[in-house]
Amino acid sequence: MTKIRVENVSKVFGKKVAQAQDLVKQGKSKSEILKMTGATVGVYDASFEVEEGEIFVIMGLSGSGKSTLVRLLNRLIEPTAGQIYINGDDVSKMNKQQLREVRRTSVNMVFQNFGLFPHQTILKNTEYGLKVRGVPKEERKIKAEKALENAGLLDFKDQYPKQLSGGMQQRVGLARALANDSEIVLMDEAFSALDPLIRKEMQDELIELQQNMKKTIIFITHDLNEALRIGDRIAIMKDGKIIQIGTGEDILTHPADDYVRSFIEDIDRSKVLTAENIMVRPVTVNPEHDGPKVALQRMKEEQVSLVLAMSKTRELLGYITADDALRCAKEGQQKLLPCVQKEMNTVPHDLLLEEVLPIISDSPTPVAVMKDGKLAGVLIRGIVIEALAKETSEVASNE
Amino acid sequence: GSSDKSAEKDKKIELAYVEWDTEVASTNVIAQVLKDEGFKVKTTSLDNAVMWEAVANDKADAMVAGWLPNTHGTQLAKYKDKVVDLGENLKGAKIGLAVPEYMDVNSIEDLKDQAKKEITGIEPGAGIMSATEKALKDYPNLKDWKLKTASSGAMTVALGQAIKKKEDIVITGWSPHWMFQKYDLKYLEDPKGDFGGDEMIHTFASKELKKKSPEAYKILDKFNWTKEDMEKVMLDVNNGASPEDAAKTWIKDNKDKVAEWTK
Amino acid sequence: MNNFLDDIPQIPLAQWTNDAMDYVTDHFQGFFDQIQETTESLMVSVTDGLLFIPAIVMIILIAVLAFFATKKKFGLAIFSVLGLLFIYNQGLWEDLMNTVTLVLFASIISVVIGVPVGILMSKSKTIESIMKPILDFMQTMPGFVYLIPAVAFFGIGLVPGVFASIIFSIPPTIRFTNLGIKQVPKELIEASESFGSTGSQKLFNVELPLAKSTIMAGINQTVMLALSMVVIASMIGADGLGKKVLTAVQRADVGPGFVAGLGLVIFAIIIDRLTQSFNNKKG
Amino acid sequence: MNNFLDDIPQIPLAQWTNDAMDYVTDHFQGFFDQIQETTESLMVSVTDGLLFIPAIVMIILIAVLAFFATKKKFGLAIFSVLGLLFIYNQGLWEDLMNTVTLVLFASIISVVIGVPVGILMSKSKTIESIMKPILDFMQTMPGFVYLIPAVAFFGIGLVPGVFASIIFSIPPTIRFTNLGIKQVPKELIEASESFGSTGSQKLFNVELPLAKSTIMAGINQTVMLALSMVVIASMIGADGLGKKVLTAVQRADVGPGFVAGLGLVIFAIIIDRLTQSFNNKKG
Amino acid sequence: MTKIRVENVSKVFGKKVAQAQDLVKQGKSKSEILKMTGATVGVYDASFEVEEGEIFVIMGLSGSGKSTLVRLLNRLIEPTAGQIYINGDDVSKMNKQQLREVRRTSVNMVFQNFGLFPHQTILKNTEYGLKVRGVPKEERKIKAEKALENAGLLDFKDQYPKQLSGGMQQRVGLARALANDSEIVLMDEAFSALDPLIRKEMQDELIELQQNMKKTIIFITHDLNEALRIGDRIAIMKDGKIIQIGTGEDILTHPADDYVRSFIEDIDRSKVLTAENIMVRPVTVNPEHDGPKVALQRMKEEQVSLVLAMSKTRELLGYITADDALRCAKEGQQKLLPCVQKEMNTVPHDLLLEEVLPIISDSPTPVAVMKDGKLAGVLIRGIVIEALAKETSEVASNE
């Protein structure tokens, strides 16, 4: 089900809005437009859809319009042009009452600058959304305390925001939005002030939320590893425009342009690439049918020192090295079957490289990559290093 | 010599007054007379007490608005060492309790339970108020009457409202005052004499005036007119003339009297 | 040069005003009487109630209140005891109670009306641009001018005094409520709105609490101005310390006037500190 | 029950006050005269200057000023022209100019003294706790009480009027300067301090600009209160619209009093809008 | 030269300070102390020194006292106990005038919450520190514009902070501190709101500043990669205490406890480990002296298929595989020298793994690790993968 649909939404800040929009159309850059009109292009012509239960990550340069885009979704900012549908209803046409209802039940937000109420305790801050919705006192206290507990802040519940550290404040903002249990959560750099440990916990919590509660989450982050870890899809923005939308792999393997390419340059590939991305096409023989000569011949043809043994039904039986094949031939075997080495490590095709590494490292032999119980490829040490070293993994992708 | 005299006349004379009809009339007349004599005259309207303070401190040179012995009795008591009493300039002023003509009382002793047993007064601390308080004690029939303090303005409004509705009202009155022209009022007889006999309006000068401008001092000392004179000016003003013009008109019509003062 | 200006005949606004006032008094007298009577009797019974409590008991009560309101500090409590004893000693106790009634009525009514009006102003540009000149009017049209209609409408006594005090002293509450709400950081308003707050939820949960110190400063000014009006109120017959001041001043006798004024000041200081400590307490 | 309270002999504060006043007037007369004379002559020449300009020219000047101050909108300009023409038409032009002088002097002196005092209060708890009762005193001690000393010190006329106006109208500027500075977010103060700002750099670069809207609201109140004092000032001989009001009130004649009061209101509205637009301009 | 010396500094927020300090001594946890006394331990008994020109990074859980520690350095917070010396002067004993001087000329700060002045334009904000120091108008404009240009914000110089995005605001805070050109810069999560591209630029700028201008920088971050990239030393805090101080490698290789271990768990090792960390001890022969037999013998002994050829003076000459040695023996060579393969890739010992990877990947042969022109070790594919796969690199460290 489509939860959020954004159609050609633009937002220009400042006065000469129409002129600025024209200039964008003419391909002028944001800073040119600023100089010419004094208006700032926040978002230009953004369109995308987010499915129910999806974590949709938005990334992009500082000032590229991420926050603006997210604030347009719950209409904290009025769009200059375009439509925004939440659950099929056009947010930009809603009256106050309807908008309020959407904000109460459907969309909650974690603010980049936290937006905590300085005059209320942490607990009261966390209760806020529930209070607005009219949840009874006792119940909202329980829910808010639960949310604070998840954020690791229950001890501080009677303190005021000023008494907390930056990261603690950010977690209060998080707890406040999550306590409310709305279908959609907009999270604007919600983890930016968190240390790696708590950040990882929070990421896990988010993924759990998404999986168990089918929450739809729009998540802004600057951390590509985080994006790849939690995001089902990633949108990359530049100067107000959405440059590319796709899964993490899409973006890593087919960056839309040099901007995206440079954006993903620094990524820790072992946390992104999967076995599938780095495996090589296996050279196979059917040991039930082929003899040692065939195997040696194939090795020569393909310039490899090892072939995989596969049944007619393309089931993996094991592997045969050049030595094995020679020995087999010496022994005068007609078929390879007896010479096949059956002990072979396998990994699922979608296993992350970071988890593949220890397996390869422990395995004296090549590792087979399996997909739907069938052989999909094979991992060779040299290739793994090559993949990790690649500027982008385009070449390494298995196509 | 004459040069001395003209130099004297250049001096500014500052007359203080209080913004009552009577005092507006008299002050304007005497101011006009002094002007005609060549003085630079400035008239400054002040609050009642401030007027006394100003003359006593030589911040103003004179005033022709001292109602005695009652109305300004306390002030005189306080400032008598700091001001010079130039004697009365008008006789036959009066204070007392007053009621509308339609009320069926003629003496204070006739008051029983009219007007909710309230006398509508003016500013607390005014002489007439002390007199009324004395009367409340002296007359047994006023034993449980009350004196409501307010201000002259408020009192006249209350009076107007009462007359409009033909209600009973007892006020602390004094004359000359425009209310006696505007409404049919009568004083209640005062057998115990708590409100004294007639009030007289005195002229007071600062201690310095005689030295500073004996000429003006002399004129002020001689200033003296009647209730009828004053009422003429007041009527003119009430009919829309500016006080200055009314004063001029009166002076034109009463050259002989003015001549007496400036002799 | 100014000639052509002088040719315009004078607009008879003064006359119209008088006529309007007459019209209103003639036609709404019953209504005004009603208000006057109920308010007056209410105020009188409050004063009677205050006077029924013996001064010494009252002083102790106030001292205890002050002690606890200021988080168990002695400063205000001691000041209250000394100040009130002084007032008593000067024979002004009854006057003080009358003034308390007047000022409390004026202040409470001002706050009850003023805060909501200020809120409306902060929410609507139209209301703001209508209200601002009215507020200017209320504060600068001299009290003396509306004393007269006040007497015409309400007679002489406490009620017109309250009426005049409210007119003069309500603007600060309105203005600073407006200002305080406008100063609330936009991001907090946004945060509140993002949860779907209704206008009133936003108001009570975010705007008013955050504007509190500014609003309280406005209310403080309202109380001060109400106190400053007691002398003028006494000109239309409101009893109390103001009357004592007026008496003394009429006699050019600064001393007693100063003493009565000091009574007002002591009352003002106690009220000021008390409201301030309540303000901080809930902060 | 109250008996033992009644046993305390009355403190002769009233007498002491009178004595003190006498002492001061006797011994410092020369000093006060000095002030009085210079201020008076200055004020008179300002008024004369204002009156020297023909009314029509003045009206046009103000309208032009209003037009540009409000970013070339016509509203205030039109209001100013109509309002001032009305005042002229009612024969109150000269009174207005007198009042303008009085109010400008009182307001400017109040601001010049009030803002620094407010700043000091915001910086020092001691000064704050000393000043607060003094401010309460200034606002609640009835003007009537210090009219008489004012006359004793400064004579009659504009100067004691300004003196009385300042006493009554300075507190809002002080209070709201104090409040405004205290409301400046702590983190910005810290940011400023982290660069080694001196107290005055912090003040002028951060605190005052951020407190501006609150301080301006306080100043606005000061101007309003100064305007509200013109009638009382007229009781000690300050000419102007206040005197017109007083004259009318003495005759229980609401009409002319209302018209003169309206003159004050028009002036207040123009001043209010002008200061406000200057405020916004630099914001 | 020691620039900053911190000695046993503590800071307790709240009332019962003494009691709280006692409780810390008794080993009570922060949240226990909070419950018992209502006081919060910000920093407890911190001691360290920072040298001139060092980038000293502070990391730790959210709420562990990093910001508090940094604010103590320029005495925005008064310490509860302890001494802080800057350039040898005790900050906590300075009078106002001295403190001001230090803040003007020696220590500037970038705030976690930015701390921008909302009523001033970006340019004026950036000029602030210079203005305070009395730099003439023209000069400070030039300097501020330069700083803004470096932060990529020159176009926005006439806008107000509210008109900028979060990351742009953060960069203004950065520019403001750097424009001032003080010896010490305290940076509290100064890059947290920046996207990866700009962040990297800023990191580079910082390193350049440090190298060219010998600036001393105290840098708080939650990004361990960033810490390792720019930090000369890293301090890790927990509950107000400093748990470990050391170089990135120290901490990665010898984490003080499980807390630190878990903290560094998620690190991208290729950005931290150097060639030295993962090289293996080379098996060498002297080809000028040893013959093929010796080489084969050594290979057998050490169970390797390759030895390195090294001169007497321990200079690398090349390598010899088993094949080479056999061929040599067949050819009857007495010495190995003619059989040595001379083309061999070398890498410096401190090259980061991420840069080593492409070299290994392109190189058909083992890669030698050189230190001071001498052979230090050799990199073998299998070992590289092993190092990347290790939970911690303790084992992989070459000792």
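When the chains are written out, they are named A, B, C, D and E in that same order, and each has its own residue count from 1.
FYI, contacts are C-beta pairs under 8 Å (C-beta built on N, C-alpha and C of every residue); 3 or more make two chains touch, one makes a residue touch a chain.
Which protein is which chain? UniProt says A, E = Quaternary amine transport ATP-binding protein; C, D = Glycine betaine/L-proline transport system permease protein proW.
Just so you know, these numbers come straight off a predicted model, no measurement behind them.
**Student:** Quick one: which chains contact chain B and chain D both?
**Tutor:** Touches both chain B and chain D: C.
**Student:** By that same contact rule, can you tell me which chains touch chain B and chain E alike?
**Tutor:** D
**Student:** If you count the C-beta pairs in contact for each pair of chains, which pair comes out on top?
**Tutor:** C-D
**Student:** Distance-wise, how many Å sit between the C-alpha centres of chain B and chain C, to the nearest whole number?
**Tutor:** Spacing between the chain centres: roughly 35 Å.
**Student:** What whole-Å value do you get for the distance between chain A and chain E if each is reduced to the mean of its CA atoms?
**Tutor:** Chain centroid spacing, chain A to chain E, equals 27 Å.
**Student:** Report the inter-chain centroid distance for chain D and chain E in whole angstrom, where each centroid is the mean of the CA atoms.
**Tutor:** Centre separation, chain D to chain E: 62 Å.
**Student:** So what's the Cα centroid distance for chain A and chain D, whole Å?
**Tutor:** Roughly 65 Å separates the two chain centres.
**Student:** Considering chain C alone, which of its residues make contact with at least two other chains?
**Tutor:** 144, 147-148, 246, 248-249, 252-253 - these are the residues of chain C that touch more than one other chain.
**Student:** Which residue numbers or ranges of chain B touch two or more of the other chains?
**Tutor:** 47, 49-50, 53, 153, 157, 160 - these are the residues of chain B that touch more than one other chain.
**Student:** Among the residues of chain A, pick out those that touch two or more other chains and give their numbers.
**Tutor:** 113
**Student:** Sort out which chains touch which and give me every pair.
**Tutor:** The set of touching chain pairs is A-C, A-E, B-C, B-D, C-D, D-E.
**Student:** Can you tell me which positions in chain D touch chain B when the two form their complex?
**Tutor:** The touching residues are 25, 144, 147-148, 151-152, 155-157, 234-237, 243, 246-247, 249-252.
**Student:** Could you list, by residue number, the parts of chain B that touch chain C in their complex?
**Tutor:** 47-50, 52-53, 74-75, 78-79, 120, 123-126, 148-151, 153-154, 157-158, 160-161
**Student:** Would you mind writing out the residues of chain C in touch with chain D in their complex?
**Tutor:** 1-2, 5, 8, 10-11, 13-18, 21, 54-57, 85-86, 88-91, 132-133, 136-137, 139-145, 147-149, 168, 171-172, 175-176, 179, 183, 213-214, 217, 220-221, 224-225, 227-228, 230-231, 242, 245-246, 248-249, 252-262, 264-265, 267-269, 272
**Student:** Can you name the residues of chain A that touch chain C in the complex?
**Tutor:** The contact residues of chain A facing chain C are 74, 76, 99-105, 107-109, 111, 113, 115-120, 128-129, 131-133, 180.
**Student:** Sort out for me which residues of chain E touch chain A in the complex.
**Tutor:** These residues of chain E touch chain A: 13, 31, 34-35, 40, 59-68, 112-113, 155-156, 159, 163-168, 170-171, 189, 192-200, 222-224, 262-263, 266, 268, 270-271, 354, 357-358, 360-361, 381-382, 384-386, 388-390.
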